[in-house]
Amino acid sequence: MSDGPEDGADTDGSPEDPLDEVGATAVEGSEELTHTDDEGDVQMVDVGGKPDTARRAVARGEIGLQPSTIEAIRNDQVEKGDVLATARIGAIQAVKHTWETIPMCHQIPITNVDCEFDVREDRVVATVAVETTGKTGCEMEALEGVTTGLNVVWDMVKAAEKDADGQYPDTAIRDVRVVEKRKREL
Amino acid sequence: MSDGPEDGADTDGSPEDPLDEVGATAVEGSEELTHTDDEGDVQMVDVGGKPDTARRAVARGEIGLQPSTIEAIRNDQVEKGDVLATARIGAIQAVKHTWETIPMCHQIPITNVDCEFDVREDRVVATVAVETTGKTGCEMEALEGVTTGLNVVWDMVKAAEKDADGQYPDTAIRDVRVVEKRKREL
Amino acid sequence: MSDGPEDGADTDGSPEDPLDEVGATAVEGSEELTHTDDEGDVQMVDVGGKPDTARRAVARGEIGLQPSTIEAIRNDQVEKGDVLATARIGAIQAVKHTWETIPMCHQIPITNVDCEFDVREDRVVATVAVETTGKTGCEMEALEGVTTGLNVVWDMVKAAEKDADGQYPDTAIRDVRVVEKRKREL
Amino acid sequence: MSDGPEDGADTDGSPEDPLDEVGATAVEGSEELTHTDDEGDVQMVDVGGKPDTARRAVARGEIGLQPSTIEAIRNDQVEKGDVLATARIGAIQAVKHTWETIPMCHQIPITNVDCEFDVREDRVVATVAVETTGKTGCEMEALEGVTTGLNVVWDMVKAAEKDADGQYPDTAIRDVRVVEKRKREL
Amino acid sequence: MSDGPEDGADTDGSPEDPLDEVGATAVEGSEELTHTDDEGDVQMVDVGGKPDTARRAVARGEIGLQPSTIEAIRNDQVEKGDVLATARIGAIQAVKHTWETIPMCHQIPITNVDCEFDVREDRVVATVAVETTGKTGCEMEALEGVTTGLNVVWDMVKAAEKDADGQYPDTAIRDVRVVEKRKREL
Amino acid sequence: MSDGPEDGADTDGSPEDPLDEVGATAVEGSEELTHTDDEGDVQMVDVGGKPDTARRAVARGEIGLQPSTIEAIRNDQVEKGDVLATARIGAIQAVKHTWETIPMCHQIPITNVDCEFDVREDRVVATVAVETTGKTGCEMEALEGVTTGLNVVWDMVKAAEKDADGQYPDTAIRDVRVVEKRKREL
């Protein structure tokens, strides 16, 4: 399944393009860097000629933490789960705000967000699935959910991770990837 | 230099705490997870008793890209630099919005943001330095700047990175760390 | 007319669910608390399988004020109406921002907002009607409009309501309810 | 302790007013409705001549719920506490956003937010304490925290509270008041 | 092509109005000032009965600058283009935020934004084209893009435009107009 | 009175610069375009070494309207004043949001906003005065207040200004300037 169209390569002059001269303006020379027109000026991709589609993207990443911090999260999670609850809410909010956080993103209707935080012995693995019925993909929304969710975990455990000098020698966000991307015509 | 105080451990009953019974409420039992009070409920850290301080935090991370994408960025950068200009602006905006993106962060006066995007043969390395004169640290601001800046790079090169199935087998955000953290009394 | 479906009870495996395994994930065990999955983790409701529907919700509430403040509002309203104009604008903006104020709310297209502020001898009664053509209800939007509109009234009359000690012994927001909720298939 | 000054009555021509002709403009005839100048046009209060002060405001309110919903929250709270965790985070975010939600509010540095949600047999009582070191009071921040926190509770338990017709006959937000307001010169 | 309907004049009682008594409420007496109902209270226009339409609006305006500043922008543009890149991104973000910047605007799906900044000997001319598939026009979005884009140019060249007293005797934003407005049924 | 310092020219290595190597980084080669470092990359100005100062900026601009529209505003203003009340609130909100609307602006504490809308026979003249006690000037805040306030007027009178084809042949925002800029050491 190719998502090339998602980045507008098929929208110039396509019959369903409502205002095609603008579609044309938007996609000339943009095969490589789709947000850049032939003068290299930043542009949003024209999605006006694209149908609404059911789309799903899943991103995953992890934050490496000290075992003592993981233990604190585990105990907190068993009793109250607030570190992960905060991270989950932060991730969902970040998904909904992607259109303003990523300058060239369109605002699309988010129909579902599904977050998982898997606490392992030396790290927390975050997986965020996003679904939309909009005209463009939602992988940036899923990525924003993962990176923000992991940053919230970091913020929540700062005091536990910091060393005597207030530094974070062992803390790191790692391996953030898009692990699934699908679409289906409605 | 210890930043323990930054997370409130020294604010209960400290003479400069303007409304100390609240300071006390906020820090009881919060040695481990400073945003959690002794009932495990999410709370912001009370910074009311803390002096304004000159603080600086630097975070760094990278996004792995295909050499062909790096080449496209390089050429674009030499001619117009718009991919990195967009990432830089996205990073600066993310730094300024950290107080709303990270639920338990305070809003602090950001006095300086300094972004570097280093384009290497198979990746882009982002470094974001943030400075504040506020009552708490700015490492979360620096981390938000790095992860958002790298997400913007991803968004800008989506079409170049996607394979024929619209997936991103080679793209990944890696090794996001806080590389420097300092403060100085004003 | 049941709105149970609005909270997703009918979306798992329903034929019109575009990506049903996610619909399923989202609704298992969520009969009681629809934002909580079977592990009790906060989640948004999956609305991907739901049709666009014309929906209307009306909420109402009141703020009790001193007669002298009511008199000041009345006179101001007759001459310029600015207290209520500000409250009306604050309420409309709050309706549009509900998707970010209420963490688990979806962003839905608001097609109409209708605000009434009824000034009585000892209180102001706010009624906010919201309409949408989206996939989920808009009662939270109406409630956000009412509570914010009443808070704006409070903010505008603070100096008149405060006693000599700067306290508000008589001011209170009361009886905020959803008074109407309807939907119609498009 | 009088907060009258907080609404600017003492700022015109006061020596510490940095730009007094503006202070004068802002307060003429505004004894009653401090956001309205002598032409009745909406205005912010001029706080430029006011010292930074340690201020604290506490607001409280409740949402009436069905016993079965309370039971569901209790069990959820014992096991995971996510309904209240979400409400708590929503309340804290609302406190931080008050400057944009309430049109005439100033943005002030929030140094502490303390939320309590007390689950009783037929209602949940929310108490939000806010502290600032800014130039004006924070009661609007506390009120926004309470009303938003209660709206989040409503949103989280919608499916449990709705009757067979999707209406909310028994649900209501009640008795939202400012229960404490203090300030202390720094 | 008349856009009168866009402001609701044809929506009261029209058969496709999903909830017509509200449509009626919203448009009575609003021929002249469509955001004001027959009591003169601010209201949003009811667009619930209007079809989705492909719409395009183009706005244009200019900022007058000193020749030395223009020279600096030109040289910067040739080498990196960052002043205009920042203005372009600021304009696109402003277009997307119009629904919250202009109190009575609806949030509509922006499908395309096309910005041009034309650097002439004594001014920069900004042209912003916006397209939507929503229920109402997008001229306010185009106007917000132009005025914000020009403000960003001003911000970027402040040091070059200021005289020895820190004043801007020669800098001005001029002649901001809507130069094109079209719609087409989908 | 020179505001050159405001744009950082005096902050590199100045004794009060709390973290001077960053100050240095930020200002090298930035005499002309202060937001651009010596590699031409967009940067915020480092204000960390600058004292808090009482600053005031006043901007002014106008929107040209048809006499019939002016008449409608006048009558509305006499009876209820809602068009201008909405514009005034929109302007004040825009002033407070300038730090996120203008990418390189800092968030500064706004202590006072004073808006005037003068309705003349063929235009409305908006004047916005902004005051701050922050580390940098507020002319961008005043300009955002004027341009947004004028855009709100346009939005409120769209139906009255549009011709039979839905175009705006006579409507224009004109002559937006900074008419006063002052600062005083605190």
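A, B, C, D, E and F are the chain letters, set down in written order, and residue numbers restart from 1 in every chain.
Please note the rule applied: a residue touches a chain if its C-beta (ideal position, glycine included) is under 8 Å from a C-beta of that chain, and two chains touch if they have at least 3 such contacts.
Chains and their UniProt names: A, B, C, D, E, F = Probable cyclic pyranopterin monophosphate synthase.
Values in this document were obtained by computation on a predicted structure and should not be read as measured data.
J.: Spelling it out: a chain qualifies if it touches subunit A and also touches subunit F; which chains qualify?
T.: B, C, D, E
J.: Mind listing the chains that sit against subunit B and also against subunit F?
T.: Touches both subunit B and subunit F: D, E.
J.: Since subunit A and subunit D are copies that touch, just let me know if over half of their interface numbering is common to both, same, or not, different.
T.: Mostly same residues: over half of the interface numbers shared.
J.: Take the average of all CA coordinates in subunit E, do the same for subunit F, and state the distance between these two points in whole angstrom.
T.: So the centroids are 17 Å from each other.
J.: Counting in whole Å, what is the centre-to-centre distance of subunit A and subunit E, each centre being its mean C-alpha position?
T.: Spacing between the chain centres: roughly 28 Å.
J.: State, to the nearest whole Å, the distance from the C-alpha centre of subunit B to the C-alpha centre of subunit E.
T.: 32
J.: On subunit E, where are the residues touching two or more other chains?
T.: 40-42, 80-82, 85-86, 89, 93, 97, 103-104, 107
J.: Output every touching chain pair, sorted by label.
T.: Those chain pairs which touch are A-B, A-C, A-D, A-E, B-D, B-E, B-F, C-D, C-E, C-F, D-F, E-F.
J.: Across the complex, what residues on subunit C touch subunit A?
T.: Of all residues in subunit C, those touching subunit A are 18-19, 22-23, 25-26, 40-48, 99-100, 103-104, 106-107, 134-135.
J.: Considering only the defined contacts, which subunit D positions touch subunit A in the complex?
T.: Residue list for subunit D touching subunit A: 80-82, 85-86, 89.
J.: Looking at the complex, which residues from subunit F come into contact with subunit E?
T.: Subunit F reaches subunit E through residues 1-4, 6-7, 9, 30-36, 40-42, 61, 72, 76, 79-80, 82-83, 85-86, 89-90, 93-94, 97, 101-105, 137, 139-140, 143-144, 147-148, 150-152, 154-160, 162, 164-168, 171-178, 181, 183.
J.: In the complex, go through subunit D and note every residue touching subunit B.
T.: Residue positions touching the partner: 54, 56, 81, 84-85, 88-89, 92-93, 96-97, 107, 109-116, 129, 131, 133, 182, 184, 186.
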